[in-house]
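The same chain A turns up in both complexes below, where it pairs with chain B and then with chain C.
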Partner chain A sequence: MARPDRRDPSQIRALHCVLGQLNRVDGSAQFSAGDTSVLCGVYGPVDVKLYDEKLDRAHIEVKFRPDIGVPTTKDKWVEDAVRSTFEREILGQLHPRTLVQINVQVCQGDGSVDAAAINATTLALIDAGIPLRAMVAAATCVVRSDHSIIVDPTQEEADSALSTHTFAFSNLQTNSPAYVDSRGEFSIDEYNACYDMCMAAVDRTLAFMRTVVEGKILKETQTAL
Partner chain B sequence: MADVKVVVPGDVIDTHTEEEESVLRLGPGLIQQAGKVNAIAAGVLHASSDTNHFWVVGNRRRYVPAEGEPVVGVVLGRHGEGYRVDIGSAHDALLPLLAFEGATRRNKPNLAVGATVYARVSVANEMMDPELECFNSHTGKSEGYGELTQGFTFKCSLGMARRLLNAKAPVLNALGDQVPFEAAVGVNGRVWINAGAPEKTILVVNAIKNSEYLDGKQSKQMVKELLGKQ
Partner chain C sequence: MVAETEPSNIETQFLLEALQRGQRTDGRGIYDYRTLKITGGSTPGLVTVQLGQTRVMARVSCTVTRPYPDRPTEGIVQFNAELSSLCAPHVDHTLRSQEVTVTRMLERVLRQSRAIDTEALCIVAGHKVWALRVDVHILDHAGNLVDAAAIAAICALRRFRRPDVTVDGETAVIHDVRDRNPVPLSIHHTPVCVSFAFFGAGELMVLDPSLLEEQSRVSWFTVTLNAHKEVCALNKAGGVPLTHEQIKRCVQIAVAKVDEINEKIQDAVNI
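Then we have the complex of A and B:
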């Protein structure tokens, strides 16, 4: 079954990223994969409400807003996904009794929005200089009605899928994923195939992120005395 | 540019040295995990081979206080035996009333709310609120620290502030040749400028802000064009 945009099953969409375009936050990144575009702005470490204050580490707060309409339960799920992923990756012990606030705004949604949110958050945190154990990138796979598996689905492809799987991996040399979300009916073989396909897609996304970050660092370095 | 090594979080750093069992010193941006040294910030990796010192230099906007650094702060209020000062960090800093040159119990300074001060960070760690002092505690002299009257304070990135602190900063030197002004640069990304008249102050502030991504030659050219438009 050919894909509407004629991509290979394991081919992700063209990636694009702009770092530091927001000037009132501590770090920002706009991450796009094809027509899906997500903007993330990060504050931190900043002052925290007494209620949320943690004595030994930073409090991580995530706000996720969809492109259209008011936030619903589905968006709260993405907030939780981003928060649980980055609570492990952000080295909050270095900044106890502070807040790291992650604000994610979907500019344009066309499938794989949760993966784009995780990618945009990693880049925004790096832009802000918040200490991270590793870079985390995510990718989504779906199992289609003919049981074929494709990576980085558009909204149209995801709507007609039997099951959807989002995996995030870090650039540390471990095999365990940083985040897993699977929905729908699927077999263990389909799950494993999605796992492998997402891992390959994440490797390419991590390489892209590294290029973007290196470009920014080199641009800053050439102005140093 | 050939020898610039850029690292990103998660990179393993090769800290192999010739001597076995030597002590490694890890600066900002690096941690030790399971016997390996990992980067936790994105930036340029610096290494000093004679002292086995490694650190990562990357630009940021949010200030994290460290002892001994000069900062520009704004007084928020008086709080018992000191002032609460906003230095842009997660927690406001405490500036004791006696931490000024010549201050005694009878002769305390009187700073208004909203006053700008140039101070030195005397205490900074992740567990306590930062503390400042407006004098050199060893000599008792102010050494340039204290209240900054008149003038205008603006924000810049932390990397930009560090470049401005260099005596050879191109934009400040190019401006100083033509326009007389006073400047106080805080490593917390706040810069105070006093050039007398408002128009001159605005000109100096704009020139500094413009020079964020320019190198020395471009900065000089930009200042020349800005002054020429006057």
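Then we have the complex of A and C:
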């Protein structure tokens, strides 16, 4: 079954990223995969409310806002997904009794928005200079009605899928996912096939992220000279 | 708590002394706008506006719904401005009240000025109409949210395409965007806001205030005009009164500025 945009089953959409566009936040990244575009801004480490203060590490807070309408429970789910992924990766012990606030704003949603949110967050945290244990990238796979598997689905492809699987891996231990979300009816073989396909997609995304960060450092050192 | 801090006395004093000499702290002229950049997204109905460092994103979407019972032949337009938490880690009441100001201004500028043809949004009178939703997300706040938000909203509305509809008596068929090209909205005119801030006893004035200027102002005045130089709305707020000569002068300046803004809008909406 051919894909509407003629991509191969294992082909991800064209990735694009701009860092540091916003002035008030400490770091920002506008991450796009095809028509899905997500803006992430990070404050940190900043003052924390007394209620949330943690004595030995930073408090991580995530706010996820959709492009259309007011936030709903679906968006709260993505907030939780991003927070649980990055609570492990951010070296919060270096900044006790502070807050790291991750703000994700969807600009355009065309499938794989939660994966884009995780990718944008990694880049925004790097732009803000927040210490991380590793870089984390995510990808989504769906199992279609004919049981074929495709990576990085558009909204249209995701709507008609039997099951959806989002995996996030760090660049340290690529055989141990940082985040997993599976929905729908699927077999173990389908799950494993999605796992492998997402891992390959994540490798490519991590390579892209490296290029983006290298570009930023190059620009900064050139300006300094 | 990282609250929105008021500018220090030294900063406000410096600003006022500079203005008394006809200079602004960011080096602009009194009547100079910051650089305006309007970018459309790949989806119609998404527009991002950058006015200096202020960054605003507008997104238009539509659904089919029942009309209000007292207006059975008119569609519904809803505005929602949100100061994204990107602007400040803890959005306090001062910033929240700015959200409300921007939403109210958008409603005055776009709905009450009859810029959008709501009768054209009717599908089946009394039963089905289009409900438009304009979500304005303020991504970066560096002063003058009203002007940026108004430009973003009107550009997004003009770029937006709704699904085509065929009506046959009481039944309507809404065509999928892949079967039939979506159609533009019916917009009568393009209103644009031009904002001024006043200082001291009201004798010092600037156009397009920056964040520091906005925090130090004593009064503000917004002129809303369209491309035909018709004044759609005048909005004055703040304790210090303005003379009618000042009001007339502001309107004249706005008339001169609206051409430049309109040119950029035309480039952005002609996709």
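Brief remarks follow.
The criterion applied here is as follows: the second predicted complex is superposed on the first by the 222 of 225 C-alpha atoms of A that agree within 3 Å, B and C clash if a C-alpha of one lies under 4 Å from a C-alpha of the other, contacts with A are read in each partner's own complex, and residues count from 1 in each chain.
Assume contacts are C-beta pairs under 8 Å (C-beta built on N, C-alpha and C of every residue); 3 or more make two chains touch, one makes a residue touch a chain.
Since this is a predicted model, take the numbers as computed values, not measurements.
With both structures placed on the common chain, the touch criterion links A:I126 to chain B but leaves chain C unconnected.
Of the two partner chains placed by the overlay, only chain B lies in contact with A:P96; chain C stays clear of it. Touch criterion met: A:Q105 reaches chain C, while chain B stays clear of it. Looking at the shared chain after the overlay, A:D47 reaches both chain B and chain C. Between chain B and chain C, more residues of chain A are touched by B.
Of the two partner chains placed by the overlay, only chain B lies in contact with A:Q222; chain C stays clear of it.
Contact with chain C, but none with chain B, is seen for A:I68 once the two complexes are overlaid on the shared chain.
Of the two partner chains placed by the overlay, neither chain B nor chain C lies in contact with A:N175. Comparing which residues of chain A touch chain B with which touch chain C, the overlap comprises 43, 46-47, 99. Within the complex, the chain B residues that touch chain A are 1, 4, 6, 8-11, 29, 31, 33, 38, 40-44, 58-62, 64, 90-91, 126-127, 159, 163, 166, 168-170, 212-216.
Interface residues of chain C, counted against chain A in their complex, comprise 1-2, 41-43, 46, 48, 53, 55, 57, 59, 61, 80, 82, 84-90, 133, 135, 137, 139-142. Residues of chain A touching chain B in their complex: 26-27, 43-48, 91, 94-99, 126, 128-129, 131-135, 170-172, 209-210, 213-214, 216-225.
Chain contact summary for the complex, chain A toward chain C: residues 21-25, 28, 35, 37, 39, 41, 43, 46-47, 49, 63, 65, 67-70, 99, 101, 103, 105, 107-108, 110.
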